[in-house]
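Common to both upcoming complexes is subunit A, partnered first by subunit B, then by subunit C.
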Partner chain A sequence: MSWAKRLDPLWPLASIASFAEVGSRAGWWEAYLFPAPSMVVACLWEDRAEFGGAFAETLFAASLGWGIALAAGTLLALTLSLSDRVERAFRPYAVFFQTVPVVAIAPLLVIWFGFGRPTVVAAAAIVSVFPVLAAGFAGLRSASAALTDYFRLRRAGRLATLFKLRIPSAVPQLLTGARIAAGLAVIGAVVGEFVGGGGLGGVVDAATAQQRVDKVFAAVLLSTLLGFGLVSIVDAARERLLSRWLRS
Partner chain B sequence: MIRFALGIAMALGIVGGAEAASKDAKAPVEKGAASPLAPVKLALNWKPEAEFGGFYEAERAGHYAKAGFKVEILPGGVGTPVVQMIAAGQTDFGIVSASEIVLARSRGADVVGVFSVYQDSPHAILVHESRGFKSLADVFRSEGTLAIEMGSPMALHMEKKYAPVKVKRVPYAGGISHFLRDATHSQQGFVTSESLLAAQQGAKVKSFLVKDSGYNPYLVLVAVKGELWRKEPEKVKAFLRATREGWKAFNAAPAPANAIMRKLNPTIDEKTFAESAVVQRPFVENEFTKAKGLGAMTRERWAELIAQLKDLGSLKVSDQVKPEECFTNEAL
Partner chain C sequence: MILGGRALRKTFASELRALAPIDFAVERGEFVALVGPSGCGKSTLLRILAGLDQPDEASSLENRANPGRASFVFQEAALLPWRSALGNVELAIELDAKAASSEARRFRARDALARVGLADFAARFPHELSGGMKMRVSLARALVTDPELLFLDEPFGALDEFTRLDLDEDLRSLWRERGGTVFFVTHSIEEAVLLADRVWVFSSRPGRLVLDHRLAGLPAERKRELRRDPRYRQEVETIEAALARHREPRA
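On to the complex of A and B.
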């Protein structure tokens, strides 16, 4: 993609931010209900030390939770897909558990894991593991029928089929799962921080108590950037892995 | 997350606006009344508990109806943005704390306190007796966890006063379940509520009043939008007269209103409801209210709070919030 094309997504952002800035300054709505973007930027700068620390904390917890989800989700999908029967039995639950509202179970996580980072990492891992698992299941079944027949004709064993056919075919779907999981891990971490303390979630919590809407928005902005960063990692990996895959 | 989502939704005026519209359309009309009662909303910042007894009593005993109102009491929870709801006109009356009014005014929201249920703050830090703490300073300077509303002026005040702080501060999500489970855990609460509940459930609990640390803002404060007070002072006055009757009656005989609140908030047992009403009485009635009436406030207390908020950095030194703008006794 050319640089000009890469910059296209900035147009909507610039338009909306300008509208919000003008509307806020002209008094179309009260700044304490919806702040001007310039207020949010000023707040980010003023409290940069606090935001920097909180961002690093959330980054660490979300990444760790995401990593756990990737490893656990992939492993589970692999293990369960070794037997058709086991897979049939567990597959619906992988989809079912995707709908668990982490907000509802967050207070329980504090009871199980205690205040602080373990709860935050757990919340991030729990919400992000099921998309990986579901994508893994789907991916492991996505090998083309022709190739599957070919493997059968050559009397390939179960493990050989798994490693040489099913896993390679699953990579695109697994990457999609990882991409969804990346965004969810950040949401999970922030929710975990609401109950467990610390990070950007903690900043939002305290800013709400102080009626600092600008600070709430600043923290939200940072957490979306964090999610965007993790998603970009997957996109970069996809470009590398899949282009190589297609060449071979 | 709920708090956060609600905050954003409220900020955008979605939730309250839509709700208000649908409820207004179905506003009940009293049968047989000479003139239909005017529907009025009172937003609470917590679940039905003793601190709201007078409001439920005023509705139950018909004081509000006599004044011409059909009051819809909306219970709240952790982080219900009542002060924003008032400022955005989504509720006529709301229960807030004095510090919320000062902060809201400094950000340009026109919200005015008109009736303070509590003359003294019943906020306390609950600790397990087994820790052997003698004072708030001990709580803050010892190991363990303390669940407290982070960033609130109350928390900032004590963190500053009792520095260097050793206790690990963790988010306060309401309730006492953590406290009951962990002997090294302390938490904020009302002596009129959480302290009693914890004792009721078998904990050996000791409570240190936050007001003894020098932070004693008006709490459970009825507030209105400044515009409502200026344009319809008679409406506000009539509501508060009925509210005052409700509180007098509740202080004298809390049982009937307690029964109503218990149905709405079954997590609190009958005995605790009864005890709460007794324990909170000296926080509601004192020598000052005998002279000036229930709900009255003083300029000095507001000025002291504003100075404290500036000292804590919650309020910028340049913020021009005048004590006399924050409240009025004229509505009483």
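On to the complex of A and C.
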């Protein structure tokens, strides 16, 4: 792609930002409803120390929750799929619990884990574990019928089939699950911070109480960038790992 | 005898009869080709013989090959995409009951790849190989365990004519070198006559064995030139006639 084409996505942003800037300065709406972008940037700069700390805190909680979800989801899928019967019993729940709204259970997490980091990490882990689990279940049974027949014909044992066929077959779907989980982990962490305190979610909460809309916008912008960044990193890693699997 | 069946039949769910009762005996060292109309139960029979499916009750099936000494080449190559050609062939040895050192494994796998003409492609991954090369890897994987019984289900059906003839010639000469019993399913009468010493013809579903024909008049060495030989043409016509008689005239 040429540079001009690569820059195309910037013009909607530029137009909307200019419109917001002009409209807000000209008094087309009250500034507390939608601040001028320059105000948001100024606020980011002024409180850079606070934002930097909050960003790092949310990044840490989201990453930790994501890591826990990845490990727990993969292990759980592996263990539960060792027996066909157990897998049949549990698979629907992996799908069902993916739809639990984290916002609704966040207060419950405070009761269980108290105010502070454990609640935030738990919220991130809980929302991101189910996509990993569902991807694991689906991936572990994604080997082709012909390959499954081949292993049966060679009288391969359960463990040999698991390690030489089912787990490697599950890698592409697990990586996709991990990517979805990365985005959800950030959402989970921010929601967890609304109730548990700290991080960018805490900043949004406090700034809303003080009616500092510019600060709310700045924190929202940062958490969006954080989610986008994490997903992009996982995506890049996934592309690299998958190149061998996908091209076949 | 290595394989024998009496009143062997298979019915799928909702009374779909795939195999009529059939009786047969295959001797050790034979090369049998099975032809028949699409959907007549050829794959069904092969899967039953290989132990991948069960026949109906009251069928009797005897398989005197040593357990684990059968190999199967499927219609698609069925290779592990994350393993090189060599790794895919080694898989067959890894899955063997008796353990082999990794050097011994690699040595045998290289040897098998060389036998199918892929010595230079050992390190390539399946996505780097053509369809014909993948089938060769699949064949090497089947041969590396030195099977007593080799089942092939339309293995070269998706390949172009030239590649198919190459592989047919290779398969025939490999069999002549190493022996063993081969059971080969194909759509192509010409391929059956070029490869086998015994051709079975199935009727339309439910498959019945309507012709069990030995190609006694053809030379043991088969090259593509044989296809111009009048004896070859004669055999093809015999089988064609049997197929036409027992084929239902519906689409």
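Worth a mention:
The rule is simple: the second predicted complex is superposed on the first by the 219 of 248 C-alpha atoms of A that agree within 3 Å, B and C clash if a C-alpha of one lies under 4 Å from a C-alpha of the other, contacts with A are read in each partner's own complex, and residues count from 1 in each chain.
The rule we apply is simple: a contact is a pair of C-beta atoms (placed from the backbone, for glycine too) under 8 Å apart; a residue touches a chain by one contact, two chains touch by 3 or more.
Note that the structure is predicted; figures quoted are calculated from it, not measured.
Legend: residue contacts after superposition of the two complexes on their common chain; A:195 is shown touching subunit B, with no touch to subunit C. In the superposed model, more residues of subunit A are touched by B than by the other of subunit B and subunit C. Residue contacts after overlaying the shared chain place A:168 against subunit C, while subunit B stays out of touching range. Of the two partner chains placed around the shared chain by superposition, subunit B is the only one that A:33 touches, whereas subunit C remains out of contact.
Of the two partner chains placed around the shared chain by superposition, subunit C is the only one that A:160 touches, whereas subunit B remains out of contact.
Using the contact criterion defined above for the overlaid structures, shared-chain residue A:67 touches neither subunit B nor subunit C, since it reaches no partner. By the document's definition of touching, of the two partners only subunit C reaches A:150; subunit B does not. Residue overlap on subunit A between the subunit B contacts of one complex and the subunit C contacts of the other is empty. Listed in rising order, the residues of subunit A touching subunit B in the complex are 30-34, 102-103, 106-107, 110-111, 115-116, 190-191, 194-197, 202, 204-211, 213, 216, 220. Residues of subunit A that touch subunit C in their complex: 144, 146-147, 149-156, 160, 164-165, 168, 171, 244-245, 247-248. For subunit C in complex with subunit A, the residues that touch the partner chain are 47, 50-52, 67-68, 70-72, 74-76, 78, 80-82, 91-92, 94-97, 125-127. The part of subunit B that touches subunit A in the complex is made up of residues 1-4, 7-8, 11-13, 79, 81, 83-84, 87-88, 100, 103-104, 107-109, 145, 149-152, 168-171, 173, 177-178, 181, 314.
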